[in-house]
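Next up: the structures, one after another.
Two complexes follow with chain A in common, the first pairing it with chain B and the second with chain C.
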Partner chain A sequence: METFINPKSLFHLLLLPCLLLYSSIAYNSSPVEAAMHTNNWAVLVCTSRFWFNYRHMANTLSLYRTVKRLGIPDERIILMLADDMACNTRNKYPAQVFNNENHRLNLYGDNVEVDYRGYEVTVENFLRVLTGRHETAVPRSKRLLSDEGSHILLYMTGHGGDEFLKFQDSEELQSHDLADAVKQMKEKHRFKELLIMVDTCQAATLFNQLQSPGVLAIGSSMKGENSYSHHLDSDVGVSVVDRFTYYTLAFFERLNIYDNASLSSLFSSYNPSLLMSTAYYRKDLYKRRLEEVPVTNFFGSVMETIHTDAAYKALSRRNSGRFEDEMSLDQSVHHIKRRMLIKVNDGDEIHDINPELLQGEEGASKCPWSTFRNKFQKAENVDSLLNYGLVAMIPLLVISTWLVQ
Partner chain B sequence: MAETKEKSLSDEKPKPRVRPIVRLGIFLISHSFLVSIVCCTAGVLALFLLPVLAKNTYISENALMPGSASPMLSNQHVSDGNRLVKDLTNPNSKSSETGIESHKIIAQYMLDLGAEVSFHKFHPQMNQFHPLHFFSSPVSGKIQENYSCSSYGINTVGIIRAPRGDGKEAIVLVTPYNALKSGFGEALSLGIAYSVFSLLTQVTWLAKDIIWLVADSQYGEYAAVAAWLREYQTPKFSSLSTPNAEMCPDVNNLFELKGHSISGSKFSNSFRRAGTMAAALVLKVRDQNEQFEDTISIYAEASNGQMPNLDLINVVNYLAVHRQGLRVNVEKLWPLLNSSWLKSLGEIFESLAKVAKSLYPKWKFGIPATEYVEGTATLASSLYYQALGVPTGPHGAFRDYQVDAITLEISPKFSLDKVWRNDILLRGGRLIEGVIRSVNNLLEKFHQSFFLYLLTSPSKFVSVGVYMIAFALLIAPLPMVAASLYVDANSSSNCSKGDSSTPSAITDTDEHGIAIRSWRWLNSAKLVFIVHLWGAIVSLLPYFISQIPDCSPTTSFMIWVLLSILSLLTLNSVLASPLACAKATQEKEWALVKSVTISSVFIGLGLMSVINFATAEIGALLMVPMCLLARPLKLDVRAGTLRSFCRLICNLVLGHIAFPPAAFFLLKGMLDGFGNANVGDFWMWVESLWAWNSATYLFIGMVQLPCWVLCVSILFHTC
Partner chain C sequence: MVLLQRPHILLLLIDTHQFLQCWIAFGSANEEGQQQEEFSEELLVKPLPDHKLLAHFHFQSSAPPSTSNGCHHHLFPKAISQLVQKFRVKEMELSFTQGRWNYESWGGFDPISSSNAKPPGVELWAVFDVPQHHIDASWKNLTHTLSGLFCASINFLESTATYSTPEWSFPPASGNVRYGTLPCEAVCTENLTPWLKLLPCRDKAAIALLLDRPSLYRGFYHSQRLHLTSTESSSEGIDSGIILEQTLTVVLQPNSERAIEVHASEKHVQPSWSLSSIFGKQVSGRCVLAKSSSVYLLLDRGLVAELKFPNKENGKSAANGLTSENFWSNPSFELSVNPDRIFLEESSSHSKSLSILYMFQVEKYSESEPFDIGLMWKVPVAWLCQQTPLHASRFFMGSGNERGAIAISLKSTQFTEGFMSANSKDGSCELRVDVFQVVPWYVKVYFHSLRVFVDQQPRAVSDFIEKIHVSPSKDKMSPGVMEVVLKLPCRVNTAALTIEFDKGFLRIDEYPPDANQGFDIPSAIISFPNFHASMVFLEDDSLNRSPLLSKFQEKCPVMSYTEVLLVPLTTPDFSMPYNVITIKCTVFALYFGSLLNVLQRRVAEEERFLKAKAAKKTGRLPLLLSKLSAKLRGRRREPLHSPPSSSSFINSKLVLKVILVAGLAVGWQYFFS
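After this line comes the complex of A and B, so read on.
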């Protein structure tokens, strides 16, 4: 027997649970379980200047109007316009911008807050807005103050190409830059979910480098395709809106804040023959099913109201934390088991999320033990059971060897 | 070690390894005859292929967006324009002997629209030959030299300020108008301009100021526009010019009268300016109407073959054809249209293209024979007017200040009844409005499209990258033939002298001899230099001849020829008669002279192709065959073979054609018929060339004429 188990191996066996404990604490200290959709932001960017790019500004302003109508307040919209078409001397209608030749709707009405205008719209500023690395003097209204519960809509329009988007006729945003910025945002918990919508030529190529989870991207055209303008306003003398944006707006015009249209219904509304390009969406990083996500999750500010038992949820969480600290060492083994199960649960909820599970997740964050019990009762996951059994054998083994000696 | 190794290597390989490019050069030089034939044929063929290779024009600048805005010119504006036409053609307004009345009418009309108005008085500046400022820009100081109060012109200038613009840029609309004997066409062009002007005072979309210049064309359209531009671009800060204006009372009178009659208005006595000019349009309406369709002719060539940006022509062409239904014309050489050989050439190309297409369906380069003939005629005229270096209209004055400008000449369809007049006012006005709106959209200077191109039709062009190939092929053999001649001349004299001694045993004296022989080309170079010097003198002579008062062109020409011959003889005798002494020393001297001549021609053509491509191309067509074929007639006569006889004939014919006056008369005869050719015409032509500061004049005087003299001297070389 002595030859069978030596103290060294025993030490190793003891070390393993400690490592597991440490890693599980490190993982769970990130507040994934708190990532609940709590607010909406929109970053709307028109990257091109010059009069003949009137339509890009009209696109952006139309989107601005739509998201505002659907409930995102002005302080949560970062509007970047690279040029001032409304006051361009060539504009036949001074201080007005239209996205339709019927001129029924002036997009540049009373209540437009442009956060970045003209030459302020640069790649640098754009990346600063996304990553939140501003100079100290930048006012709050020009910052994207999102958190881990934010749904962000990032809309960009301008002239693009293979894996780049032109800014201001002088610089480019590359797909790597965008992916890097999104990654930084993810690491800084600046969003829960991010919808990137791009209306440029070869827009799909801009998403190639994205890796961060929770990002959904839709572009107006595939690689090698152009995005075309929808129609020309012969009165103003320029094209006033792009096709992709036009049909997006057409979709939203039918909606109000209470509608429950899903993202998939938006995405399927694009008709390639009308767009003259193929709308492309990338959803491999996005885990929720598009049929179940209302468009107002991004384009509006509609989120579920969750009824909680405790008035001060934060307090209860702190208590549970203290409880964990107070656990004695001999209890730690059981604690490890619990932690592991929680971890497994976390993995599950990333895989398939639906509103019911969201509720469950909320419960889990409040009381891990009850979730564990629920899980156990339901016997949903055989693997977790197996794992549990294996780990439970460790103390048994330790005790038995100790008894034998 | 390394040295010994190298030595052993070099011993193994008696011939040092020659770099491929050197070997290629040696190969080409040794086969220069074949190369020159192939290259020259290819060059001429490429020139004739240009209409086939022409590409369709396209609007390169995104900002222009021609035709995207619907025209706003309405019948109201047309009737305004009509009113002005009526007032101007009214016999009462013509009663005044100076035509001041009509200027007043125009100014009054402009003022009524709310535009800033000013008169610009100018003294016509005679075009004179100033050898010292040949390429320099016109100097404002020159105006004050000599003028009288009786001869002056008045430009009426109206300026609309863009209501929200920054006033940094302007678009110029020019209508030449002769108040003394204006035809109906001129009045109509004013009517069109006025209707556009009245529209532009109302619109909100102006980003650039609009300048309407009514140029007083009694001393020529160009002179008036050029005088105004000079004043505009070179502001005078000194008070030197002001007393001159006061010397002529009637002008002041006019100004004062205007000032009094319209007090408190935007009339000003001083010269008014707007921003830098983005583009300029010169509008004319032709009086006679022989066309069966409303056509609009575009004239674009400015001095020294400079062209406005192709985008400007594209915009006009697009708007005229696709929006206003006008037919657009560019100049053609009409005699070429009926030439049967061109037609058959076109048919050959067409059938070749068909064969190519049947072989490989993606090859689509053929154009119909009729289109080919038209394209060639247009291309030829494009080449001709660029080569001439004389602007084809008042737009040329703008090009001197790097402003893109074209002249539009509307040739209306039929008689002058009311409905038709309104129609042409409406369509012409909308065309001008469209072009102005398009240019108004522009953010920068015209720069996207081509500046160096030849047109083969209003919607087809040959860019510099294509047409340079023809020229490059044509002049490519020159350096090779020069090198081969030089090598031949040296080696032949080598052999004749040193066949007794083997090359391995070179003595000191031989080396010395080679050194002398290898410098022998300097003798020929001296000759070539002297002839070019003579060319420069000949080019300067007309300046002195033109100082002789009361001289008819014919006598001037005769004096010029006599003086030229005299100066050649003088130079020849003063500088030790190189022609005579050369032949005494070397029997192959002519080959060296030819070699150096060809080199100098190559340099001259190369330089000229940078200044004015078309001149260089036409010059190369004339000079390259002559230079390559030149050979002493005596040798050919002595040889007596068929080949030498052919060469003799070619040499004689080319020797005649390439003489500049002969070439001129030949060209003139082909274009206008030989009936009315006059010796004085050449003088007039040359006068016009130097008056317009055309580099072609310098080319003829300093490249072509010396080349011809040298070639003739080779032909008559006594060897």
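After this line comes the complex of A and C, so read on.
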């Protein structure tokens, strides 16, 4: 116990962790720069096996056709089909799948690219696709290679219930799993905005646990409601499409790639009496106003190019003061930020952010801690700083345990 | 300045040198002439005895070994060449098959059936040119790559429990071969499309235009195969020539509507057909990248014998003349288009009659004048295809969910009898049959129970089995493999191999979602190494030889696959574990909860505590302070910093600690300023 030499050094040691804590808080509170929307991805999942679930595959393929028509290329669509319906021996129309009695449109076409099929459609693989944790050998076509500028459409259909969705009639995806995966995606900068669309019974319950910003969710039915199929095709012998998807498609069939229909017009197009269930959408995690977001932001693909010169200037002007700190403290964070592009066009978003940012900076300069921070910056070696911090944790630990006894 | 200029000159020198080198390399490549990338497409149509039609598409691309253009290709698909280079694949074959080849009526002795009749589902084998210990890793990566390339779950073949290492019975016998099958894999459009994307003209021109998905998948049999061989040119293996052979074999029913109409009037007349009636499309335009694109119509030996061409005796002279109208205007059938050439088979040792091949060149036709051949039958014809020496079939014996036996039975066919009697002059004729069987680990085969029945009599195993290689299965690790060489007397009528097995148990998470359907046991491969299926056609110019015909000339051993067996395993009630877990947890919670409660409760102490609490309701701060002072007194004196500033305390130690730290910080601040 003679090791405590003088109170000054003790103070010094104790203060460092506080500073570290402070700096980390400062990071989290500073809003992450909104990356520009640069690309679109779609993950379309049919989770049901067996012939009588034909309609789920037709649902998924209809959406596949729609997003392809609106401009998302095949390599950016992950299509998961839990069973083979097109070449099923029970299918009277081999290599064809229809979503309507009139058989006008063959959804299976000549150029369908299924990434996961049959036994591969499992909860594990689904979560792997979302979170991007694959074995090294897995080919690129089976990965969701999105980045912080991606808008992702996640469409799922199958049989579900209160806070779960069945996969292959043998396992379940729970709302917690989904929320965790989405949270992980957010932390890994795997998306900018995510639209989750689920057509299943009690679909709304699947979104209960979601908490990541930038996520918008649409479900076909509220808790306690069923989602029904639309109509039966007596030639195929089973129902061919679900109501929610049918009316979604009815909305999209009117659109072409250049249309500006907004998400709110999609949401308002659902008629509960036609759906026989109440379409639910959760938008509390989503910042932008739905009236201003075109559906092609998720169902289509970005094509226009935006010059970024101005955006870079704006970035350097606003953050000139803070950049030095970041550089000395954490190189990697800085790199990530440098890679991001500020979207200038998105006016209101930046206006929202600006006052907060300024406040934060002022607060930082007024704070008595800033003097320490300056001193602390003089410690050039980050590693030694970390070591100091760790050493400083020991007395805290000692005191607390000693108090507890 | 000189210093500055020197490197420039040097660079220039290097540049020109490299340029010259490139130029020389390019020139030499051109000089060799034949070293160009080539692509050719062919379609062979053949009427089958049971009123069906066989269409066999054959696309071949070849990339010569070249150092000049590195990994760039003109026609050859880059995906395949990268795959060959990355995994050092020497030879590989991947097939997607739906339906079962009917050996009895579609034949088993011709080159098409012996190399294109495949087991249902996916079959993959590959020979690697890597050291022994790297093969498994290469195989694993190859399966993943192929699964991405062909939209199929080929990656299930990566686990050691699904693939095997044939020692010698598998035809491309070599130690570096790996073999795996997925019998229940679905085959559909999504597998065909990437396969077609490997062709330079995709399905946009010439013969590939016929590949209309709905009519293809309506067929009885559909097998899409990809075979590649890389020829090593140097020891490094980087610059190797690759030959990629893509075949699609379909068995279709020609225009069923008319067949039904005809059915009433004339029963045995073969249905007439044309390409447009089968595929719903015509061959219009040509693939300009193809070296040759031609359509063949093959009339096999049995049919030709039946048709009785009038001048059959002097057939050879007619084939040489090529103008004889007798070959394509026959009283029994009529062709809608005049063939460009007619090939007659060279005399074969296995059959008395010879097959005829009509050739049509697609290059002559254009989009305005599409190519379409039709065949109209006038007289009923019935014939038989040449069959394998022994017809193989496989079945299960026994009942119940515990044990059973697999039997492979071989029956002699009509063809063999005639052939054998002709061939066995010396009396001691033997028929060699190779059997290759892979059994998944959950079917636990007892190899000691192998029995041989010849002509329905149980016989000693050692009398007929010349060679046997067995590698027993390991649970969840590797499948059981059995390779047997049988030597049967030529006059054998039936032979059978039986082997007993026990059914294993799987863990609950190892069952597939449709476990009640049963588990597949992959096809056994029965090959006859002494018999070679080949068709040699008389060709006048060997320069312009078509890849399909040269493929027919290769001597490949006759092979046949048995049926896939479906073994029902005991499947548990999948909800049972949840019931058990729930009940167990409830019981445990009730039991241990109450037990712990009883054990831990100290009635006297609780009472005392309650009394103390009632006595002084002063709160925790004085208590803590007293504790603190007690500690201080109990130990040596320590330089403790300023005591926490008194403020409104919530009774929590955490808050105390936080305030302590904050106080320290404030002290520090004043100390420094």
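Here are some notes:
Throughout what follows, the second predicted complex is superposed on the first by the 274 of 405 C-alpha atoms of A that agree within 3 Å, B and C clash if a C-alpha of one lies under 4 Å from a C-alpha of the other, contacts with A are read in each partner's own complex, and residues count from 1 in each chain.
We take it that contacts are C-beta pairs under 8 Å (C-beta built on N, C-alpha and C of every residue); 3 or more make two chains touch, one makes a residue touch a chain.
Keep in mind that this is a model prediction, so the values were computed, not measured.
Contacts of A:Ser141 after superposition on the shared chain: chain C is touched, whereas chain B is not. Contacts of A:Pro94 after superposition: both chain B and chain C are touched.
Residue by residue along chain A, chain B and chain C are tallied for touches, and C comes out ahead.
Touch criterion met: A:Val238 reaches chain B, while chain C stays clear of it.
Applying the stated contact rule after C-alpha superposition, one finds that A:Leu396 touches chain C and leaves chain B untouched.
Of the two partner chains placed around the shared chain by superposition, chain B is the only one that A:Phe52 touches, whereas chain C remains out of contact.
By the touch criterion stated above, A:Asp84 is placed in contact with chain C alone, chain B being left untouched. When the two complexes are laid over each other on chain A, chain A has residues 50, 87-88, 93-94 in contact with both chain B and chain C.
Chain A makes touch with chain C in their complex at residues 1, 4, 6-8, 10-12, 14-15, 18, 49-50, 84, 86-88, 93-96, 106, 108-115, 117-120, 135, 137-142, 168-170, 368, 371-372, 396, 399-400, 402-405. Residues of chain A touching chain B in their complex: 50-52, 87-94, 232, 234-239. Residues of chain B that touch chain A in their complex: 62-63, 65, 68-70, 162-166, 203-207, 437, 440-441, 443.
Considering their complex, residues 98, 140-141, 144-145, 147-149, 151-153, 155-156, 158, 185-190, 193-194, 203, 213-214, 216-218, 511-514, 574, 624, 627-628, 631, 635-636, 638-639, 641, 653, 656-657, 660-661, 664-665, 667-669, 671-673 of chain C touch chain A.
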